[in-house]
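Each of the two complexes below includes chain A, the first together with chain B, the second together with chain C.
This part shows the complex of A and B:
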């Protein structure tokens, strides 16, 4: 869910840039290290970024007709590449979305990167790691990771809006909470079902990839070989 | 999904204007709009930028108006929340909705209008950039701005592959649609999952091929670009300075005005 251009007033858009930029720099540092080790990774990252962009420009089928709904796609990237690199990919994709599709904006880029490029992927990645450790079914874990990542994104966006526009003009804790409740409550109407749909689509994505070309996932250390064998055994 | 703003930028006559001048205009508009305290300055910026985009940049008017409506959903929900729940001043109107009292206060409405106009001004600046400057022109600017090399490299490759994959996604989607893949909700989810996974696998293979082909052409981590030198004409400079001065004057004289 993108915050549109000009929506955040003066102290807040700078604040979110200040929060996001160190994380992006860390991501670039990580990426440079990875590229120096394995040169073939840069083209792969590039196509992954383009994949995230195209995925996010597809319309999701939604139960509420009329609402405009797009997947974020960053959950999938976080599962494959980890959160630091997803932040870099997310930043580039968000910039392109602002320039090509008019989703989001330039002054609000910092806030959008924070919610969609940093918090969402980090939550998705943590859920994914925890789920795999707990030995839950891989597809269930993917579903949970993407859906929870989406919800984290939408809660963060609500927090960003509530901090900028607290109830009663002056930023107090009570005003912030009341405003947060309202933003979160109204956006929940579209975002809660949307996250479930995106989770389902992501789980299906991984199901087809495991069936057709699982060596990609094993190579990227997303899942282990024996998990693939088990999954194929049950789904065949 | 098929309308990428970049397509219009490539055929815009304003494409041949100096990139730095256009960027200066856009960032000036964004900053002046977002820091203004009355809705008048952002609306003036919106008007000027729309005129520049449609009259000078030859963007189709109908398409432009449709674009402006695109983010309306987000804008209106946000603005309505602000109008109803912020502010503490005098009540303008109040009513009850399902036993829940709703009040619009004067300063809440003022803030909502300000936010709406700022968004409008910002969107117009953004569209001016998007509809007159193709991304390939901006890469030269990015290179000159001394951002990390790998980041620029990555964004160039991503840009290239967006078009390849959009094409692929569109043809797969057509094929699925004519086979009734999107006829009901359950089928749509399934089709979309298949589309995404095919796209993923194909893009992965494409990435391998790309690495091979770039390596065989001596890729060493740097792509050099040809940057066209475009001097700023005096009429452009004059027009820009008039616009800047007018905006600043308006910004100064309307800073304490409230319209409600």
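This part shows the complex of A and C:
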């Protein structure tokens, strides 16, 4: 999902910075507030950030298109801490990759943060909340939320590229759709099996977190006490 | 503790791996990066006229260095996850063993083992 350095023309790279920067700032504010109020969440924040680090470094092969891409890992952070704080964690990882790996770039950072740090987490968060409300099995909900969040990130990247590079040079609806088809053919399609793997691994991480440190999740209203009891009683 | 979820995840990963091995041995797919393929599409759409408006100011000088930095990224992350999950796990076990009555602990923490 990394849009490479220099591959977003003006005005698009500025546009995505303008969208992303307020969210990042709000995320930093929320993160500071949370850490000051509840110092005991710091380790969990570190785990969520580390999970993004690990998953986004793993380039996995995709059998659908015969190319490689990577999961994002931001869904877990979104479920526990909400999308704004996930945007901050995503920015840290994207900055590391832009500076040291020439993956993504500084001019395209805004667009990449928007897809991986904002849209993906928002989708994961909404799916999670809806799924828990509908009383679906906790692990199934985590799987769906993180897999769809991952996939939404890559759809967003396709949209960003199609807006910047519509067919026929001028941005028309038909030109946008034609380019979107091409970019989605690469990103969204490649990502399908990877999103499934990300969902499965995220569900597993949640199993361990619930098992060893559920009180913090209950306190943060991520999960209700009765759900924890049920998970431990039966399927955990 | 049941291992049902572990088995399901293992099955998903095995299917993923088997599919990859099958495909890489039967087709000549290159498994290049999707990010790079997007560059090809951009060239196709713009007729090769697009010039990147910025260059990365540092690039890993070789594939080895690149994989070093990717490996480092994964190792840092995995270390942090393992450390804290291990810490919490041991803490929970010892608290259970000593019958420690923590404040703010939900009852479920002690009943399950």
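Assorted remarks:
Throughout what follows, the second predicted complex is superposed on the first by the 192 of 236 C-alpha atoms of A that agree within 3 Å, B and C clash if a C-alpha of one lies under 4 Å from a C-alpha of the other, contacts with A are read in each partner's own complex, and residues count from 1 in each chain.
Keep this in mind: contacts are C-beta pairs under 8 Å (C-beta built on N, C-alpha and C of every residue); 3 or more make two chains touch, one makes a residue touch a chain.
Quantities reported herein were computed from a predicted structural model and do not represent experimental measurements.
When both complexes are overlaid on chain A, the residue A:171 reaches neither chain B nor chain C.
After overlaying the two complexes on the shared chain, residue contacts for A:218 are found with chain C alone; chain B is out of touch. In the superposed model, A:196 lies in contact with chain C only, and not with chain B.
Contact with chain B, but none with chain C, is seen for A:88 once the two complexes are overlaid on the shared chain. Put simply, chain A uses residues 1-10, 43-44, 46-47, 49-51, 53-55, 57-61, 63, 67-68, 96, 98-103, 105-107, 161, 165-167, 169, 179, 182-183, 186-187, 197, 200-201, 203-205, 207-209, 212-213 to touch chain B in one complex and chain C in the other. The part of chain A that touches chain C in the complex is made up of residues 1-10, 43-44, 46-47, 49-63, 65-69, 96-103, 105-107, 139, 161, 165-167, 169, 179, 182-183, 186-187, 190, 193, 196-197, 200-201, 203-205, 207-209, 211-215, 218-219, 225, 228-229, 232-233, 235-236. If you check the complex, the residues on chain C that touch chain A are 1-2, 4-6, 8-9, 12-13, 16, 19-20, 23-24, 27, 29-39, 41-42, 44-46, 50, 52-56, 58-60, 66, 69-71, 73-74, 76-81, 84-85, 87-89, 91-92, 104-106, 108-109, 111-112. Chain contact summary for the complex, chain A toward chain B: residues 1-10, 13, 28, 31-32, 35, 39-40, 42-51, 53-55, 57-61, 63, 67-68, 76, 88-89, 92-93, 95-96, 98-103, 105-107, 161, 165-169, 178-179, 182-183, 186-187, 197, 200-209, 212-213, 216. Note for the complex: chain B touches chain A at residues 1, 4-6, 26, 30-31, 33-35, 42, 67, 70-71, 73-75, 77-78, 81-82, 85-88, 107, 111, 115, 118-123, 125-127, 129-130, 135, 148, 150-151, 153-155, 157-162, 164-166, 169, 173, 182, 185, 188-190, 192-201, 203-204, 206-208, 210-211, 214-215, 221.
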